[in-house]
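For reference, the structures are reproduced in the following blocks.
In what comes next, subunit A is part of two complexes: it sits with subunit B in the first one and with subunit C in the second one.
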Partner chain A sequence: MTAHTKGSGLKWVGRAIRRLEDPALLTGHGRFTADLPAAHWVRFVRSPVAAGRLRRIAKPDGAFVVTAADLAGVKPILPMLHKFDYRPVAQPVLADGVVRFVGEPVAAVVASSAAAAEDIADQVELSIDATAPVVDARDALSPGAPQIHAEALGNVILEGKVKTAGFDVAWSAAHKHVRVELRSHRQNATPMEARAAHAAYDVATGRVTLTCTTQMPHLMRTAIADVLGMPESDLRVIAPDVGGGFGQKMSLCAEYVVVVWLSRELKSSVAWTEDRRENLIASFHARDQYITLEGAFDKNVKLLALKTDIISNVGAYSCFPTTSGVEPLMAMAEMPGPYDVQQYQCRARGVLTNTCTMAAYRGVSRPIITLALERLMDKAGAAFGIDPVDVRRRNLIDKFPYTSAMGLVFDEASYQQTLEMAVKAVDLPAFRARQKEVRQQGRHLGIGFATFSERTGYGSPAFAARGMEITPGWETVILTVDPSGFVEARVGSSPHGQGLRTTLAQIIADEIGVPPERIRIVHGDTDRTPYGWGTFASRSLVISGGATLIAAQKVRAKLIKIASHLLEAAPHDIVLEDGAAKVAGTDRSVPIAALAREAYTQTHRFNGEIEPGLTETGTYDPPGTFSNACHVAMVEVDIKTGKVAIEKYVVAEDAGRIINPMIADGQVHGGIAQGIGNALLEEIVYDESGGVLTANLADYMPPTAREIPPIELHHMETPSTQSVTKAKGLGEGGTIGAPAAVINAINDALSTFGVEINEMPATPQRIRAALRARGSAA
Partner chain B sequence: MKPAPFIRHAPKTLDEALRILAEVAPQDGRVLAGGQSLVPIMAFRLAKPAHLVDINEVAGLDRISSGGKTLTIGALVRHSAFHRPVVDNPLGALLTAVARHIAHYPIRTRGTFCGSLAHADPASEWCLTAATLDATIVAKSTRGERLIAATDFFKGLMTTALAEDELLAEVRLPLLANDAKFGFNEFSRRAGDFAMAAALVTYRLGGGKIADTRVGVGGAEARPRRIAKAEAALNGQTPSDKAFRAAAEAAAAAIEPLEDHQTSGGYRRDLVRAVVRRALEQAAA
Partner chain C sequence: MSEKTNITLTINGSDHAIAVEPRRTLADAIREDCGQSGTHIGCEHGICGACTVIVDGAPVRSCLMFAVQANGKRIRTVEGLANGDTLHPMQQAFMDHHGLQCGFCTPGFLMLAVGVLEREPDISDDDLLDVLSSNLCRCTGYQNIIKAVRAAAKEMRGK
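Moving on to the complex of A and B:
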């Protein structure tokens, strides 16, 4: 890495420098929670039945087993929402009298090793009077369905409703109505590292250090201290290297609360490492929705109004901090997507069932609503006999700022331009010709488009609008140049693979003239970093990056002030470059390290005009900014088996200013891989009794490298006016666009059979079943 | 996901292995070879054997030999041994073509041919190979040696004719005729997954007509087997789309399909129809 900064004309921002975090990870020196030694290991005994009354827990003689009865004084987890008729439901950290899903933790076994704890757990006998469970959201809504919680009659935990003033007029004025009935099955985020927690007790101070795999260390501290009724000061939370999260690790886990409680009880170290089966049945699930979407179009195929009904299966409990509203309310707010439509009617319900609790998963509802909306666009094309690309051309927003029917303000973006860029890149006419040609040989190719917006980097008002009691939004960064001239930024956010140590260093490097290798980003430790929220909702680069820039600008101003004293030059004549402050047009300069030393050790020279030290704080709470993209999938469907092969995948995307192109591309690639898994492979299947049939990675199928096609990326950069770095977020776009692009492509391939697939994942079984129903023999 | 406690025995000779197996078999003793199926099952605690007789240090079990009309595969021969042809006979090429469909590379370097047969997963490529080619399974115990025909060996889902004190010491596969053609096709959701249906076919051409046909189907029923009606539809025919289609249809109709939460009987028949036809097309290509 060569040192060059502003004055040399080259900037760090915009360059694909290698990730500063990778050398340790690639050489086996990463630090993960499960690496820590502990005196005591925990194994949770989980409910084998989906619904029932817990009569008795028989513990083996001499075993140390904790149950709800031991946890007097520990409050239940009680996420709150102050809107949308939300019914608060409490979750005891260990089941207390009632079990509500297969996998719910009922007891914690403590032993000297994980294997010994598992041996004992095998011998704990649960006596449960099973009751009739309900696992499907539509069944849970039917009259007489079992009640999951007495507080939520009819199993509806929340209901959002909206109808714009001119809806009825627009709806009846339409030339045609087009309808999509969509089913998205349940999925699991499947991070490489499952959950893990390690709590160490310090006898001298009475403090507990909880090391855990989490996306939100500060909020975990607040939440666990609340539930356990302890001062936050007695708890330190560390998020070391985190092996993926994808939203699954932003919610509070009951298991972490138990581990901290045990550590205080035993005055010792206690650890728990989740296994894959537990992760698949009892960590958080997502994407289990039924959506009905109807569009009213005028005769020019301009969308006049949208009507939708959203049923989101939220599982057995509400998740903290986002609550069960995370999916249905996201779906309600963003269903109109990137299209110009001012009339909108929506009913969105969160429905409780005897299944694992739903929480955020990369994209949150948008992979599903984008699929629904993009199916609608393709079906409108078929209904009107025009190319589906034309339907999008006629409806994508192109005047900014644009205020949506739901009041979201879309900043400057490139919806039309990225669509055209993608159409050109795939050479649509050539594809259509080839499609026609190979159909004669019994081969069925299809092409699918998805145009979408990705709301990113939104601050606290956006969360307040949902009525959330916890409104994450802002981030703080404390930037220090120490007396050696080394730079340390302590950030409240907490990345888990996003490369923030690299990108934040690039932002700082450009401001203060110090190369990235002399900048350390400190994160994931509540003792070392200012309060902050974490990495989720495509926010950290925008918000934590913005706070970093603000802090760096303050440090820059101070460095220039000190340099102007030492060099006896006017501040506007001083440039910071190549690790030095220079007087422009002269050979006079002073190293930045010397300026830093002065700031601590020679403060008398500043005549009281400059405060001692070199630490500045930046805080940022932006309104939010929209990234956009057009995804195109080209697939071949094997009509005889229903198997889908993706030939090629093309993306034209715009995420504002790109800080590090390599990291940006990596986010898009990874998101698409996950989105392809969602589209074709991944499904948590419950049987009627509430048992999980997909509790290992042979049955629950994330894609492997072999299922991921070549991905071709094209970029535009529309600098954000709503982000101080001009960057927009891009963490979720890959998963948002891929299901719609892939499933539209499948439908295009199947169009000659009169068959439609409006289900995710579009498994070969489902495709064959649809073909067989149409009388197509293999 | 830690296995229940067990005692590992590590014999150095076959006799010692058989003696220990005889001793621990009544206490749920199991043989450990490559461990690619047994160990995960133990980790899930679906199996909790009290004793493992680890044969990895037994000398001489990793041999492949061919003599006369037979290829003999020892109990410790790994899947990866077949990445290249092990014998100068169409059988060598056949085994190589099949081996690349078995799971993933790291698993192939550890898992064993004989272990696959002893495990008897209906989706196993080697079980299908053994059934289609009428392999002979050699079972040894302190009581002596027993030869079991493949048709008698596979009893059902993960069930074989092996007695609990018997070690599957080797498998003997008949060499193919020098002009034999073969084709293999399997369907799985992802690369390396268990087959949801697989077909292995071999035949010869005599005067342009198909002869000595073997059509084996795996992954679709409780055990892999030859499908007589599909073979009958081919013998005496000229290789043609029509003949292959008829054989595929016969195979799809003949099976008693395994059904699970994601696979209906109808879908399993669709897959069998597809894999048989594709295996035949490959053989003819």
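Moving on to the complex of A and C:
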């Protein structure tokens, strides 16, 4: 682990210190939303049909049941985008006259316990005149398809189009065109803790404290206050320990609005805990796309132009704050990936259907576009008769900064180097020999590569480019050394498993010479922390970490000023380490706790030259930086059953300066496990009537320990010039690379049968169907 | 809804005299009637294992057992693993090997692993992998959980 700190001059950054989060979580003292007691419990009555007119809601006698009719003055959720021909569609927090997907909340039942509320909910009768639903995005685009919202004619909620000036010339100059038709099925992020909310009303002040499982407490506060028309200051939002999010918990859910409304109505505490079925059918979905991707290559297999059509099924409503644009627009902006191609044509559409609303899920579109692009690289290799690794070598960008066809600026990275590192690690020639040998015994091995970029830590300009009404980006950190010398950093980010309390403490420790165990990171409470956007998009370590460093540098400067005063030494002779300010080269020192005490209680000594107190603020809004990696999967496909076993998984990755290698590796491992689940197992299946066939964890299958192979990690560190800590984000990379590596490996294993799998997940059924269709191994 | 039954749950050595409906799950009783919220509920249909506790020496999914069935039995939960401020070897190993991220599934994994290793201290690596694949974790990718459990197994065998 010392390799990480070598040469950095840092003592804490780069070390695999144990997490400060762990002791509470390991002893059962974590605090999750559902742990709170409440006077009232809510159960939502949800639509059993995918489309229809809501005629009547019959409530059992004496039951407390709230419907849209009771919510006068509550505004609908109305996400907004000012570009890409976006059609705003409104979502009432409880269905109002129309239902648009199975699972849409129609009524809220309130009772003294969750079980009692569930019993009553079973007795609420909904009369709905069902109408014909449309579930598939291509069907929704066809003429005469049912209209999900009158505001979005033809069910297109947004459309992005781009074509570079030299596209046609490059396209027609190509030696060969290679095409991939890709289908990515619908998936659910499936955090182990489903959604939960608890709202407590304070009679004395009229304030409500909403404790909920969310990735962005500050924005939840803004959004809920808007929808309810209440002063934002009357609402406090707490994100306590949050049991995973992966994007699913960064959108506003209607249910949380209802819970806050009820607590104000009842002037009491009200709680809702989602069950797993609700989470699977009615929280947020992702990844439901059709992608056509074509590449124009010259005779040296150099990519000249890329053409793509993206159809993203966005479900019944638009998600707040990112809107339905989150998937199609991300796909459009980043489809060219890490490859040097200046001519690009893209059409990306978001299409409404009678399905659960789409929102962000780890990687957002990039697992899918990386799969499409990496299939294209492999297919180009086959078309030209060269090794697919060579296709990548000839096309990966290697001059920085590189400006993409979409105007994204790629900072220094190591695309070529990580590819070579991975190729070396897997010993490709040896694998090919073994592959050939075991094929004689009827065993089918395959190897798959994925090289990709992961855009991380981007601030407000990147979000502004999407035309978002709500433009996230920056983060603020307020750092205080209290009069006892204990350090507290209050951060707007809202980590939920990423170990940010530890990594931010490491950054502070190096700057001000106080060990991490004397530093507390406070997050997830709008009363205690400055406004911030939360934790998503591989951003918190870069942006909140950057703001932390900026604040810590200011505190450091002030500590040195005070020490210089006390020790009567020049500021540049003072070093802060081991909890003390020392005069370099002498034995003179003063504890930082004593400096802190001075800063509050002896300010008269500073002759007005030093401001009282020891609190500094840092705000950071960076342009964004690109991590990169090469993933390699080696698989065996059982052609009789279609089962895929991953033998070995190798990663060479580069996320700039690593703050804590243990935590960084953990993020990569976890991301890959989700990517493998996405690639092989996970699928939300709708029937034609819009019913969900995968409403439990036996049917919707996140991977278990059996499916995830040991992962061999190789590292490079290209310090980012676009991030003050030199760190790049890496939370999503594992999930971005794994589907492409695994599915390319499956295709390699099946290459002798002449079948192709361009579908995610590549389930045994799909593999068998492809083999049967070719008359192979039937 | 229906009449309540008086039962006593013995959790980590302490008796909790409670009255529950027959349909009350052990998970709900532990959390709500006995106030021990360290046991988490992830799916309520026996797949994820977040609610795993040890009942009379065996790991059990507490969402699939009724509280009345646990009447008079010895129940151990995550709150009872550490010895004062000293973490159980399994807890320490999870910390040392980064076997947790969000921590929601962690109590279930700890109780599953401790329960199995107390019964079968010499369980093979492969059988252990089967055991661990009975619970779901969405954050870690499992490799560090496997490492942690193997390290703790060694420690628990006193090697």
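The criterion applied here is as follows: the second predicted complex is superposed on the first by the 767 of 778 C-alpha atoms of A that agree within 3 Å, B and C clash if a C-alpha of one lies under 4 Å from a C-alpha of the other, contacts with A are read in each partner's own complex, and residues count from 1 in each chain.
Please note the rule applied: a residue touches a chain if its C-beta (ideal position, glycine included) is under 8 Å from a C-beta of that chain, and two chains touch if they have at least 3 such contacts.
Only a predicted model underlies this, so the values are computations on that prediction, with no experimental measurement involved.
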item: Subunit B versus subunit C as contact partner of A:Ala769, first or second or both or neither; value: first
item: First (subunit B), second (subunit C), both or neither touched by A:Gly545; value: neither
item: Of subunit C and subunit B, partner touching more subunit A residues; value: C
item: First (subunit B), second (subunit C), both or neither touched by A:Lys640; value: first
item: Touching partner for A:Gly448 - first (subunit B), second (subunit C), both, neither; value: neither
item: First (subunit B), second (subunit C), both or neither touched by A:Ala673; value: second
item: Touched partner set for A:Leu693, first subunit B, second subunit C, both or neither; value: first
item: First, second, both or neither for A:Thr27, with subunit B first and subunit C second; value: second
item: Which of subunit B and subunit C A:Ile711 touches, first, second, both or neither; value: second
item: First (subunit B), second (subunit C), both or neither touched by A:Met662; value: second
item: Subunit B/subunit C common contact set on subunit A; value: 115, 119, 275-276, 696, 698, 704, 706-707
item: Residues of subunit B that touch subunit A when the two form their complex; value: 1-5, 44-45, 187, 189-194, 261-264, 266-267, 270-271, 273-274
item: Residue ranges of subunit A touching subunit C (in the complex, touch as defined); value: 18-19, 21-23, 25-32, 34-35, 37, 115-116, 119, 190-194, 241-244, 246, 275-276, 496-499, 662-663, 665-666, 669-674, 696-698, 702, 704-708, 710-711, 734
item: Residues of subunit A that touch subunit B when the two form their complex; value: 114-115, 118-119, 122, 275-277, 638, 640-643, 681, 685, 687, 693, 696, 698, 701, 703-704, 706-707, 763-765, 768-769, 772, 778
item: Of all residues in subunit C, those that touch subunit A in their complex; value: 1, 21, 23-24, 28, 31-32, 36-45, 47-48, 50, 77-79, 81-82, 87, 91, 94-96, 98, 100-107, 110, 129-130, 132-146
